[in-house]
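Look at the two complexes coming up: chain A is in both, with chain B in one and chain C in the other.
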Partner chain A sequence: MSLDKMKRREFLKVLGWGGVGTTLAGCDMPTTVTVQEGKEEVVAYLAPEEYVIPGIGVWYATTCAQCGSGCGVHGRVREGRVLKLEGNPESQVNRGKLCPAGQASLQAHYNPDRITAPRVRRNGQFEQISWEQAFALLDEKAGPSSGLAGDRFAWVSDTVSGHQAVLLKAWMDAIGSRHHYVHEAVNDAVWRAVCRDMLGDENPRLRVDKARVILSFGADFLSTWGSPIHNSTQYSEFRTAPRGVLIQAEPKMTVTGASADLWVPVRPGAEGVLALAIANVLVSKHHRDISSLPAEAQEQIRAYDLDNAARITGVTGEHIIRIAGLLNERGPSLVLAGASAAGHARGYDSVAAAMLLNIMLGNVGKTLESSAGFPFPQLAAKTGGNKELLDFAAALESKSFDVVFFSGTNPVYTAPEALKLKDKLAVVPFKVAFTQFDDETAQQADLVLPLRSALEDWGTHVPAAQPEQMQINMQQPLMEPLYPETRGFGDAILALLKLRKAPQYSAYDDYYAYLRNAFAALPAALKLGTISDQQFWTRAVQKGVIEVGAGRGNLATRVVSFTVAEPAEEGRPFTLVPSAGANLRDGRYANLPWLQEVPDPISKVVWDSWAELHPSAAAKIGVKTGDRVRIESEHGAIEAKVYIYKGMHPDAIAVPLGQGHEAYGRYAQGRGVNPLKILGLATETKTGELANHATRVQVTRIADKAGDKLVKLGGSEVQLGRKLVATVTADVFARTEGEA
Partner chain B sequence: MSLENILTNWSKYRKGAEEGGFHDYEHMWGRVIDLNKCTGCSACVVACYAENNLAVVGKDRFADGHAMHWLRIERYWDEPDLGEGRVAEFQHHGASFLPMHCQQCNAATCEPVCPVAATYHTPDGLNAQVYNRCIGSRYCSNNCPYRLRYFNFFSYYESSWPAPLHMQLNPDLTVRDKGVMEKCTFCVQRIRAVKDKAKMQDRKVLDGEVQPACVQTCPTSAMTFGDILDMHSPGKGVENTQAAALWRKHQVELGKAKQVKQDPELRGYRVLEGLNTDPKVLFLERVREV
Partner chain C sequence: MSSTQRLFSGRWSFPGVRNPAGRRAGLPFAAGFLALVTALFVLCVPFTATAGSTVPNAVPPEGTYAGKDVPQPIEFPHDIHAKINGINCMYCHTYARRSKVAGIPPTSKCMGCHSVIATDRPRIKQLTEYWEKREPPHWLKVHDMPDFVHFTHEKHLKRFVFDNPNLPVEQVSEVCAFCHGDVKNMTVAKKEKPLTMGFCRRCHEANNGPFDCWKCHK
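Right after this comes the complex of A and B.
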């Protein structure tokens, strides 16, 4: 079947525009290529070479691929090298702003530990081969002649969207496998499940900017949860007069918690009880009407009066009353629940209890809005969590895959030791890793295919959390590939597809050609019909975003059946909080020296792991800051130096994610410990997510290792009476900077 | 600016606003950092590493105090005393973050002690460091009350940028070698580029046109950068800038070791202002609901 004979519907599906609904509205698309004010240097990369003037930096638009948020970036290119990234103000996701990891994606690109040519494992040793040889091998192992099809194949990836997701899906369909696992160790899967069930929308749009009070149960929304930079731009408005109040309840102070007006330590796993206790005060003291709620929910609210709740949560009655008071008197509010609330056996129920507050306080439709229906379901983000990792491990046991592909994720590093993923993988005959780096997963692979960096590659990205105006984000190469023997991710999948579906895909020489065809076939509503394909394409890569007009519906509200329970305290005395920070996230940035050298915002430690404890807990164990402890769970032990401060619940010990790599290059390898390794395999009851904040541990003081030190920024933990950071009350702020 | 010029015009350069200073200035770059909005995320810090060729020194040298972070986020915990020797059990008000970079003091304590005038005040009001004049006496660093000057104890470039990381180095400024003092420049290369462009187009520099890397990336827009010369010398520099408007609004004036505010509740203050260093970084106090 040749292209011209292909039916239009199928043709559109191949190119990612399948399933276009009638919701697609025309959007405001100028008919000429406009020059962005103040940045007239923003040009499509395909401009003639004479445009490149030695000594003059030129800014090109692309999309950051460090996480799934899809922030637009401008990269400064001079003499053919990309030197600096800045946020793209055209992108409503990040409005010109960028996070530390976004800034540091330059170091993923120029990293000295990149893999520069394909490798194959022969007799236990890696040998360098060419891409032709690699694809000959892939043809043999995974092509039609392999005789393999269907569920003999699996693919494990990070969040994918845009046309890469289209091609990946096409490949999985071509081989007939249903086993695509999207694994994100740091995720908001439980929150999404609750939103889906209670609001009828998995990704409701958060209006941090419109809220006057935010109550967050461990949702680190300024740093690692949701779309952090989008949230931060809204937070800026939230803190402008009339200034909103932020309340954070969590066992370990996150970056968001550090900015809270009121930070309350909550006993790990008791977040749901705290939410219901607040609801209880809203009813008993502020006479909020809950008669429309299901009887079961009303009963639970009544069950947690102040005394009961204070005993269970460790939060004082005074604080519960104050939180309820703030929520009651200042609307609209917004209640969020993140990793530390969700990562328990009853995590879903805790998050549901938080969502119940949103419903009671009338926030649905005000600070929680319906996500606009994205008109191209094929391009939508496919995201996941740790359930997919557990499912994959289970499937490894029962299905015994013949071929497993990995891309963008490092499950051998992020999997708890108890999962025995390495052993389970060992029996898979052929494992293929598409990667930039020699990470733990690549080391287990039989074939390692080196990818281009995000700054050398083409792509389109559709983040799950979308701004007001939905957008497709364009990714274009900012410079020539550093290593000729690397391939783009889209190119690699396209090449795979050609093994199985040559008639449909042979017309596209490379991923760029595929994207050009895709954009030529874009529904006219987005192009307004008046401009040429070339103009449209040029404009898309110049601007970096394509705005997609779409209708915004209303959220439903449905109170699901849930049961909040007092967390069980069994076995070991502490609960381990494997805390994610923006610097290293789930360990994926540990090979970027800038992010290792930038101190953690809370502990200010660099280049290492550490364990956070409350002073009272430290006193019990008999340790002071800098002492070494052994943290032992049922499944293993890790050792780290302690950092003691009053931003911890006394029952919790926090160890940051990201270090403890056994591979992953010179900056990451052999540094610190990985708390994920000692997690238990208990799951969240309703979603099957890993209950990753519920592992109980024993903490004991051990002897120091010679030469080992806790290195952190700053000498003094407090200001010693100097006016370095001065604080005023919100009343003063309201008087001097106004309510308007 | 030659050494001779510095010696001849010494007293003029040391004059504050109240004494009729600033008259030779073209600009007076200053900034405002709103601690009500800063979340301590450190995006600014990484942006600074990327823009200014800052060396990564590694764990051991960091421990020795050799980190080259021109911009660092200091974090302080509250010391809430509940009276009678009781202290609060938890940090109920979160943390206090303080982004610290060279305060570009108008009465900089680092300047007069340099034996070779490698650090001096530019007509842009910047506290500049001439790398190739610096002999590494470190007097300036000793005299900086904010500890914001960084000395190259080693040739960090030998280990900081293994190929191809070195390809990222910004060609608009140098990579510093052993024996040289360095510090935040307010991204002087960006200021220069904007000034050159404005000159070529025969116009004045516009407000907001200069964006240092840290200010540009700040996710919560906590920093405002701009020319504040107009405040003291009306009609000079970039007029009516956002930054100057904030200085005025918060009733903080240059050239004073102690501010006399009509409304003492206004949030603007300068760190260690009483030392009479006359910093050009205005902080707006952190805000907390009690």
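Right after this comes the complex of A and C.
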């Protein structure tokens, strides 16, 4: 009986025997499945390094490139292959910790869907070509002989930093284009704008560890917002004695919300009103002085008394008083505002109201610190948001570009359908995608250039959110490239530069040579303790970080003019929350099976999308968990299975980001839905960011699809009296374990 | 003796199968029936007398296997090296005492001797060609373990050689032969031992090796 012909019943029989059999004699049957003679090759080293012992891993330092946080990692390399990643304790960004997405960069590296050779579109079909041919084509379309210059070129990328950013800027300067769009679908662009305007620092350092109470308006700072691992390591300090109190106000419970001591469901778009209502209580009940604030701000604080605020936000007066009380008693505090507060027409104003609380409570300079000028502005992280996507689309509409380059970002996937990005891209004569995978954007390109994985490439990275001891992160290849016909990102841009600026860049054979040279040019202050450039380089590669030192600076406090608004209840009954999770983020990790397999921390759903509803909202529509619903906005509709959860505001429906790929490999493609597709194009009034949490939708029940079940690990959301998590009342705790 | 071990020991009470630990145990009827059926399996495995071991403090594992000839890029003569010239196994398989794998010697190690020794022989010329091309030979694996089995040479050498006061390290090949057979008398290595779970398990039992599932399946 061969294995493939074995029926289930027979298999179970064998399994039944196996229970005894394996311990008795089954284990003497040679397992033809796996034990082989003369099948596998075993290749010895030619002349190994002395420290290389087959079977024993050697750990090398590099930097995780999965998101812009810039966590340092150590990779275990055995027999020339990288097998495991862990956080690098030398890196102050993540202090030895690493998130699941970082762990899963191995799967981006060994992914079976990687593009292994350049492709060009000819007569609508992709054909494989060599790099020489690809660069000949690039020379023709973008070199000096193309006759094109300046703003006929655009580059759309994700966050870039370090020497890659320097080279990219050099290339944009060489062609004379100002159109570098940094697009990040999950971003903190509005928060940064408010910080820039009110604190004079776009990226103030958060001191979660120094705070004793944190009030967060939808800032999922432990999972998707800012630098999550850095925040999490600080959070563990925040939670150790004396234990800090975390309050989270948002329409959909995030992972941070699930960790909160007090989670408050707030009506979508009413976060600013809630912030002002808290300010109102701080003034009326706790006599905080606001006489130094501008009259306009004072007036708004007075306008939102408890009754008014409770009506608008859906948060009870009792809760507002309790939050204000905690903020008043326990200083210093920290008030944050993230995506769900910022993604509305008046998102900037809501975030500004939250920042006003920081100013009123005296947090500026205590839990919000100046990022104190990183000394190498050319290396600093260049980050962005959705505004750049909208700007890019607008420029496409006026037929501005002849050549567009894409790297590290997938705008065709992240753009709302209403933006018609695919159609607009169709008129661009030549589109080049630098990518590892055949994603939606690469499919629209005319030339697809395969990049090396982050574990095969050289680079330097500067985290957008710097730790107190600032650093530059080193990225080094942990193994030989799996596919010889791929190139590093730095190598690719260097090759582009040689098309235009040969005399300047021809001295560098490759990006490694460029980096070595750039390191030699770094100021001597960074090289303290080393006697040569070689030693400095070796130390940087060994440690994975170059310490830049701590800078001290002061934040300004300037209260900008802002007007929070009551969210308008227009048209359709629900507000769509396109919620970002740490597993798939903006969809970039959807092709990594580990991350598809990790259950969502809240719903426990795997490999699929779902629509999260409050029980009362579900009752209104007449659906239960697992039923299918159609979620329809003005711009389209998506269908998903319902997951009912109390951690929702009854007016909101949440659909997670990341699924619904039309391309992007076997693990991502054709799975779930993409809520970004049905978003409206309303923008945040002051920053021009996409108001991506403001789309109103209609939700209707539709027929179930046969065999289409909500796959969810974890049976029930309640303990059913099983005391899985033991609790004691505050009284009992004080009597038995509290301080005397 | 744990209940699992008791169950194992049951098998030994059947005729025709030697019980190295000298245990006998009564069996309830159902288990006896199972054991009878499984013993039939066992009898199919060709047992031959084990070569008389000279390793003190060790009971060598039982079982043989008729391995096939594996064609290698260079017909490496183990006999010339290990028997005629008396080179210790661990001189070339130097990683065995440090790592889970014994390791195929790096080409540089071969050339350490063969840049001067026997340079006129055809096999050495072949080797020198590889070396000059800067390319190691692609050997084929003879002794393979399934991916779900964790076997470590290091721990086995520690137990039978380095922590075994009565075994001079010069005789390490006797210990290697437990699992690899009489490699000393082979040219190209050939599988002579079954390397099945039963083979491992019996040896672990006879030599008081660890018996937890996760020791090997981790």
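Going forward, the second predicted complex is superposed on the first by the 672 of 740 C-alpha atoms of A that agree within 3 Å, B and C clash if a C-alpha of one lies under 4 Å from a C-alpha of the other, contacts with A are read in each partner's own complex, and residues count from 1 in each chain.
We adopt the following convention: contacts are C-beta pairs under 8 Å (C-beta built on N, C-alpha and C of every residue); 3 or more make two chains touch, one makes a residue touch a chain.
None of the values given here were measured: they were computed from a predicted structure.
By the touch criterion defined above, A:Lys723 reaches chain B but does not reach chain C.
Looking at the shared chain after the overlay, A:Asp423 reaches neither chain B nor chain C.
Contact comparison for chain A: of chain B and chain C, B touches the greater number of residues.
In the overlay built on the shared chain, the residue A:Pro54 is in contact with chain C alone; chain B does not reach it.
Within chain A, the residues touching chain B in one complex and chain C in the other are 38. Interface residues of chain A facing chain B in the complex, by the touch rule stated above, are 38, 78-79, 81-87, 94, 96-100, 102-104, 106-107, 109-112, 222-223, 228-229, 232-233, 235-236, 239, 243, 245, 248, 253, 255-265, 326, 482, 582-583, 593-599, 601-602, 604, 606-608, 616, 645-647, 709, 711, 713-714, 716-719, 722-733, 735-737.
Remark: chain C residues 4, 7-8, 10-11, 31, 34-35, 38-39, 41-42, 45, 63, 65, 67-68, 70-71, 95, 98-101, 103-108, 131, 134-148, 191, 194-199, 201 touch chain A in the complex. Across the complex, chain B meets chain A through its residues 35-37, 39-43, 45-47, 49-51, 56-59, 62-63, 67, 69, 72-79, 88-98, 160, 162-171, 209, 213, 216-222, 263, 265-267, 269, 271-272, 283, 285-290.
In the complex of the two chains, the chain A residues touching chain C come out as 20-31, 33-48, 53-56.
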